[in-house]
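Note that the chains are named A, B and C in the order they appear, and that numbering of residues resets to 1 at the start of each chain.
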């Protein structure tokens, strides 16, 4: 029962998270407060622009996009780089290597409990609030199904990139520096801080050829479009899938090569 | 002379959460919580004179650390009174800190990235140590252990033993009246342990520093303490000289035998054969703690000789280790 | 016992600082990577800002250069909290592991001793960015440069810094009560991102909150009014230095109260 082994890690993760009662409250309230701030900020921005539609996005579109991007970010941020970096530096990585599971899966599934808790504590409330605030500007149809599939792939791409960057910590002590660079690049180029639709050319085209837009821009684009062309949906999902495979292969290879450094040098 | 440390009926209670089990339990905990009160230290009194080295012993979770935290001013007792050199530590934490030194097991209090000598210089400023006593202290350290190679190493680069040594030196640097050592020899090799014991002993003699030592290593106690205080489940079980304690067990002898075969397996068999006595085994010896009031050692030996091929034997007084173990297991009658 | 006054603490602080910088310099790769990370963060910040203003020429009547002024101002006022109070980020793990107790055995102020341990040199890079931006905006807006203006600028920068520090102290001190306080610290960190927008964009309720409860409006907005809108300076702007000191003092008290209370619960 391979799946059972993984799911018990998920369960342990949920129990662990639930112990922090106050922080659950803070997460829920903090998130709502944050939403409100984003709402006012963009309302003011749109109000001063004089038009309703900027770069093909209305105020509701932008709000939904950014708010859900933040919710997705909270949901997907696994602090993988920190965890890997610390465990490499302290030598605890050796303990992970002797577990009867590969470190990649172990790390992922240990954190998976947080996915469940975060989904109910941040993503779902955010989604509901946004639906209400924008008076049904979020289309509720087959796009939801595409969105879910897309988010699953986004999580995988994000994790692959995180794992790749975490592996760099085998070569350097600078976890902070490595992590901040990753975070900044991913957030900007994935369209998490500002929708990619706002990017000027040739910036916009460049981001389309990078894996990062598959993390935030892809699922959110699918979500916002109520009656999409099947060809568009197909193109986005296939691109995501391709990036899933590519990032997986690269991060695996890099880990395999780098691991020699640990096993040879003794950590 | 007034005692340097005085504890009067000190009690410390904590509120802890009763966690429920399983996923459902965790969900329920999220909404309703169930607390219970735990008494970590229960009505303890003792007084300690200047210059004493006292071994403060007890099994894990007995309340040792809590007591020490109260004496260092970090915790306030729920009831009772503590005075350290005339002041109440938890009302005057900073003032009390000037008069004490603390080493907390494996938690180094030195600056990780600094060479030891720079840490010392900072401590000199923080504790406002004058130049002369500072130099004298370093000279004293140099005469006791070879600190020269350590001084220019950062704490980060040190081995555990060197780090502990440095922490102890740092704790004594401002010539405090009292030094608290919480498991100072934990995890160290035999030679480092003995080096550290010698150092503590010498500093105590030289500076007449009061030392409160908690440890699980009876080697520390044998090497350093005349007086021990034993605490368990928050209550004081014993507080007096070790010799006095050993007196209680005057009729006990440790019979050690060496046989061919596997000591662990044979110890099992002997334990079944002699249910009255505690039996332990290591690679070198099988030890049987015999109470002569119940059965003469010579009879026990005769009995064992029938079933085992005894190569070598020793007969000892009861060791501190065994006394303490008996007290942990059975209490003091 | 001799009294330990300001001179005593200053002397110790300078010594610790000098030692810390010396030892940081010996980890050259780490220093280098962290600096690049810092530069990346700032560049990404500028790009976001630039993209935003390409799409929206002004926000609530504040034009590009004025907003740039606020941006630069908030970057500079971030420097002290980044450089001198960065250990706040580690407080949580010290408390969690029980290592926090090591700070309690010294005969000096607990707060001081804890904060003195880390000097984050990266913050200086941010300072350079901030100064560059501010000077650029200053010239573009065509502000006069007089000694009085400089004095005002310095006073209000200090004010803003105090508020930043107060926010972070208070946020990090919550870990004395809440086990997993990372989210609060993270929330505070994200909120200060909003410091660079004029508080007028918010509804009266939030304007009140951001002025008196989570006083991020004092980080850049109120102080900047003194320089940018000298004709219509509200009383709150003139009061901000006092408010800065008060908030800093409150956060210090809160921090110390938490530290003592934490020790009272043992562990």
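Here, a contact is a pair of C-beta atoms (placed from the backbone, for glycine too) under 8 Å apart; a residue touches a chain by one contact, two chains touch by 3 or more.
Owing to the predicted nature of the structure, the values given are computational and were not obtained by experimental measurement.
J.: Between B-C and A-C, name the chain pair that shares the greater number of C-beta pairs in contact.
T.: If we tally the C-beta pairs in contact for B-C and A-C, the bigger total goes to A-C.
J.: Taking every chain's C-alpha mean, which one sits closest to the mean of all protein C-alpha atoms?
T.: When every chain is reduced to its C-alpha mean, the one closest to the whole-protein mean is C.
J.: Between subunit A and subunit B, what's the gap in Å when you average each chain's C-alpha atoms?
T.: Here subunit A and subunit B have centroids separated by 50 Å.
J.: Quick one: report the Å distance separating subunit B from subunit C, using the average Cα coordinate of each chain.
T.: From the centre of subunit B to the centre of subunit C is 44 Å.
J.: With chain centres defined as C-alpha means, what is the inter-centre distance between subunit A and subunit C in Å?
T.: 28
J.: Residues of subunit A touching 2+ other chains?
T.: Counting only residues that touch two or more other chains, subunit A contributes 19.
J.: Provide the residue numbers of subunit B that touch subunit C in the complex, in ascending order.
T.: Within the complex, subunit B contacts subunit C at residues 12, 14-15, 40, 66, 69, 72-76, 93-95, 97-98, 100-102, 104, 107-109, 111, 113-114, 118, 121-122, 125-128, 154.
J.: Can you name the residues of subunit A that touch subunit C in the complex?
T.: 19-20, 22-23, 26-27, 30, 33-34, 36-37, 40-41, 43-49, 54-55, 172-174, 176-181, 184-185, 187-188, 193-194, 198-200, 203
J.: Going by the contact rule at the top, pick out the subunit C residues touching subunit B in the complex.
T.: Going through subunit C, the ones touching subunit B are 1-2, 4, 8, 11-12, 15-16, 19-20, 23-24, 98-99, 101-102, 104-109, 117, 263-266.
J.: Residue numbers of subunit B touching subunit A in their complex, please.
T.: It comes out as residues 19, 22-23, 26-27, 29-30, 33.
J.: Could you list, by residue number, the parts of subunit A that touch subunit B in their complex?
T.: Residues 11, 14-15, 18-19, 21, 24 of subunit A touch subunit B in their complex.
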